[in-house]
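Presented sequentially are two complexes of subunit A, the first with subunit B as partner and the second with subunit C.
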Partner chain A sequence: MALNVTDLRVYYRTLRGEVKALDGVTFSVADGEIMGLAGESGSGKSTLAKSLIRLDGRMRHVGGTVELDGAAMPLSDDDAMDEFRFRKVSLIPQYSMSALNPTRKIGRMVGELLDSRGERPDRAELERRLELVGLSKDVLDRYPIELSGGMKQRVVMVVSTLLNPSLLIADEVTSALDVSSQKAVATTLLGFRDRGLVTSMMVVTHDISLVYQIADSIMVMYAGRLAEKAPADVLVTAPRHPYTQQLVSALPEVGVRYEDRRLAGIPGSPPSLLKPPGGCRFRDRCPLAFDQCAEQPPFAEVAPGHLVACWKAE
Partner chain B sequence: MLKLDGVSKVYRVGAFGGRELKAVSDVSFEVGEGEVVSLIGESGSGKSTLGRMILRLASVSGGTITLDGRDITSIKDRKEYYRQVQGVFQDPFSCYNPVFRADRVFAMIKEQYFPRAGADEWRKRVEGALESVRLDPGNVLGKYPHQLSGGQLQRMLIARAVLLDIRLLVADEIISMLDASTRIDVLNLLADLRARGLGILFVTHDLSLGNYVSDRTVVLRHGKIVEMGRTDLVFGSPAHPYTRSLLASVPRLHAKWTDAEMTDAVEDVPCAYHEAPQESRTRPGLAEIDSDHYVACADKEKA
Partner chain C sequence: MRRYFGRKLLIYGLTFFVAVTINWMIPRFMPGDPVQSMLSRANVAQPAAVEAMRAHYTAMFGFDLPLWQQYLNFWGALLRGDLGISIWLFPTPVSDVIIRAVPYTLGLLIPSILLSWFAGNRFGAFAARRKWLDNTVLPVGYVLTATPYMWLAILLAWALGIVAGVFPVAGAYGFDLQPSLSWGFVGSLAEHWFLPFASLFLVAFGGWAIGMRNMIIYELEADYVNYLRALGAPARLVRRYAFRNAILPQVTGLALQLGVLVAGALVTEIVFSYPGLGHLILQAIQNQDFFLLQGTFLFIVIGVLIANFVIDVAYVLVDPRTRTGMGEAA
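Entry: the complex of A and B
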């Protein structure tokens, strides 16, 4: 198992108290697995992605463990985490366009970055990887301002994977792109895994239909907890959690004639995570809710590789 | 109702405005009453520029935009125009002043347009408008923007437009920032407003949303119309290679990209524009290949 997360809790400190953005999350990502992580805003998906890289000042690691390739990651120790970053676990940030140092040429910036990790830059390998994403080696002699947004995005993708990390986290990398570039970026990610440049991948997104295209499995989060994890095909065709079911059926598609047929949204809104209610957090919006839902359902395996946190999913 | 005729927009860019950038060139289409027209294009296609020109937020460089036959740039009284045409934009969070309560947007409408309305009468109107966008007045009135969700804020902006008895709503990417579970509610709301006779110009880059909500579709590329017409025709039998490639790139839930690639390979289709008989070229640069289905020439772009 590449990544094992056990009962991870990460809270945000705010003036009004602690926001339980990640409240007991247990899952694993296998070697070679591309896992899509989907959820609405405030579901904790970005918090989960960030926690595995770096906790910012407001975030506090309250409990739980993370193991990557058998080694425990010291989430709350910023310095010790440096051993893992870039080498073992790497991130493609949401706004790749602004992730590059504007005062350095790309080549020099990459050199300095590798130097800071005590690695020798391998020019030939770098050029080969740029070629993989469709960039010529000339970009190494250019400043970021000379590149288009899509080119910068691809530069960042190359840089993030330069040391062949075990786990690559792509945080909403396609959200700001046009459909044709979305497809290009998504297939590049797939190519990284297929060529063995990264072992496993977590693709964080709010767009289930996009992540379905490349992911082996999809995990859905709701209000700081896991709702469902299943192989990608199963999750979109036969979801078991009522939240996933409603979410998937609320997505309009091309190639479908709607005429006067209406899709339905999910009434209500997610609970506040300052003082989240006990039991299942989807209870108030759930059409199937019953008495037992006052108790938190376990994230249990209902079929091989299919885990659901719902009492009705047995 | 709204008619665009040969509309273009030129921006001056570069140092001292030395270069010209043609953002929109020679675009003509109509939006009728009770009709949703979606304007689809990638970034830089000029779709937002068109929306801004219709809202008179940007000047028109060429061609005319008319509302019921009147050139909108000749309407001196902007208030009179905005009584009929309103816009809602992408980011509901930045449309509100965080210092004030969110319902201040309604009070500003009252000050500007209905200064003589009585307090009771006005409250009834606001509540009516909120109910028409399926918001519970008790839940949203008196709240600050940070206490409301994006979907609620966006619907309040639509309610604000509805208060004015508008006839045309320009909705520029109004869904993009919303979560999947609330998106569909806002889309359904647009369909309700259409049933009340409102014309809606739905500007979006998301083809699946356009397919769901609109009666007619206009596909833009580099400021030009490449294909337009009835939504079922444009999405069901796209004639322009650009439209086809867009549709092939859209991620779908039950079909993977790899399944579609097989059909992509057959790209040697003759240009639909040239195949069409001469007399079907009723609009400049477009041929009508089916009833209300227009396509531009594809060969010109290859050259």
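Entry: the complex of A and C
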């Protein structure tokens, strides 16, 4: 098992109290697995992604453990985490277009970054990997401003995976791109895994239809908790959790004319995470809710590799 | 690159022309008559002699010509390097008077501008990372930068010069000394230099420190910093990048502040009776000395323009983004 997360809790400190953005999350990602992580804004998916690499100043690790390749990650110890960052766990950020220092040539910046981590820069390997994503080695002698947005994103993808991390977190990498670039990025990510540059991958997105094309499994989050995790095709074709069902049915289908049939949405909105209600958090919006839902359902395995947090799912 | 500098030089040329024209106009449209004041200084009683002197002086300074003729003559003389003759120190040429004053002004200005910029940026960047320092430095910095130069100068002169008696408060060297290359003279020079320098330095220092502190805090929140941190880059590297990028607006700020600093130096010189250009300007105004006033202003305009040009060049060297812009329609 590459990644084991057990009962992870990460809260945000705010003036009005603690926002329980990640409230008891348990899952694992296998070696070689590409896991899609889906959910709406505020579901905690970005918090989860950030927690695994770097907590920002307002986030507090309240409980739970994370193990990567058998070693426990000291999430709340910023200095000790440096040992894991880049080498074991790496990030392709949402803001790839502005992730490079504007006043350094890219080659020099990469060299200085590797140097500062005590790694020896291997120019030939770097050029080979740039070629892999369709960039010429000339980009190393350029400033970020001389590249297009798509080129910058590809540079960031190469830099982030340079030390062959066990886990690569791709945080909303396709959100700002047009569909053909989305496709190219998705294919590149897949290529990284297939060439063994990256062992496992977590692809954070709100676009299930995109992640479905590259992910082995998809995990859906709702209001700081896990709703469902299943192999990608199972999750899309036969979801068990009522939230996933409604989420998937809200996706447009090819061939259907939506002039005739309105696309279904999910009525209501997620609960506040400042003082979340007890029990299942989807209860208020759920068409299947019944008395037992006042109690928190366990994230239980209903079929091999298929876990659901719902009393009605068994 | 050539187009960029060509355009810059054109703008500087235009600025120079306008500034020099205004310099020529200001003294001439001031109330008062310089020839009259020279005559009264000469203290001649006979009306016939006074008339003869008036005619002589008027013709010599060219005041009998029409204004446009005076203006053209002025440019002609200027291009020959002739700034005219001082009325106040008649008959010393203006260029001699200015050359004698310039070392004092530059000796104040250059160290105070460069040191305050350098130290202020270093200190601001340092303060941005320490909360207690930030909380104490920020208010002090705001007070310093909001202080008018001459007011701080008066305060320093009063506290360190008159009350504590540590430093002399007037002149560039002791009244009992003649300029020479002796230890005694150099020591006296340094002693007299310190207070005007300190008042210029402190005000500018506060401004730079605050600007840098804000810029560093802004840079440390930037995306590229978050990315580097996520890849475990040590704080040393992150700070180096942030400092390097935060300094860019400060370079622009230096270009913008030059004029203010020069003006500050002029009033500070007046407070300390320091014999630099500021002192000359005051004397020139009080004595209706058109040519000296013109010459001094001209010198300041040239100095500020040259300094701005140097900063323009420096900016091109430190910020690759300006260089990229030049390749296209700069």
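The rule we apply is simple: the second predicted complex is superposed on the first by the 309 of 314 C-alpha atoms of A that agree within 3 Å, B and C clash if a C-alpha of one lies under 4 Å from a C-alpha of the other, contacts with A are read in each partner's own complex, and residues count from 1 in each chain.
One rule holds for everything that comes next: a contact is a pair of C-beta atoms (placed from the backbone, for glycine too) under 8 Å apart; a residue touches a chain by one contact, two chains touch by 3 or more.
Keep in mind that this is a model prediction, so the values were computed, not measured.
After superposition on subunit A, the partners subunit B and subunit C are seen to fit next to each other with no clash. Once the two complexes are laid over each other on the shared chain, residue contacts for A:95 go to subunit C alone; subunit B is not touched. In the superposition on chain A, contact of A:53 is made with subunit C only, not with subunit B.
Of the two partner chains, neither subunit B nor subunit C is touched by A:136. Once the two complexes are laid over each other on the shared chain, residue contacts for A:117 go to subunit C alone; subunit B is not touched. Touch criterion met: A:265 reaches subunit B, while subunit C stays clear of it. Once the two complexes are overlaid on the shared chain, A:160 sits against subunit C while remaining clear of subunit B. Contacts of A:85 after superposition on the shared chain: subunit C is touched, whereas subunit B is not. This overlay, made by fitting chain A, leaves subunit B and subunit C with a least C-alpha separation of 5 Å.
Shared interface residues of subunit A (contacting subunit B in one complex, subunit C in the other): none.
Contact residues of subunit C toward subunit A in the complex are 222-224, 226-234, 236-237, 241, 244-245, 248, 318-321, 324. Those residues of subunit A that touch subunit C in the shared complex are 53-54, 81-87, 90-91, 93, 95, 98-105, 112-113, 116-117, 143, 145-146, 156, 159-160.
Across the complex, subunit B is touched by residues 40-41, 178-180, 182-183, 186-187, 206-210, 212-213, 236-237, 246-248, 250-258, 262-266, 269 of subunit A. On the side of subunit B, the complex with subunit A involves touching residues 42-43, 149-151, 179-185, 187-188, 191, 205, 207-209, 211-213, 232, 235-236, 245-247, 249-257.
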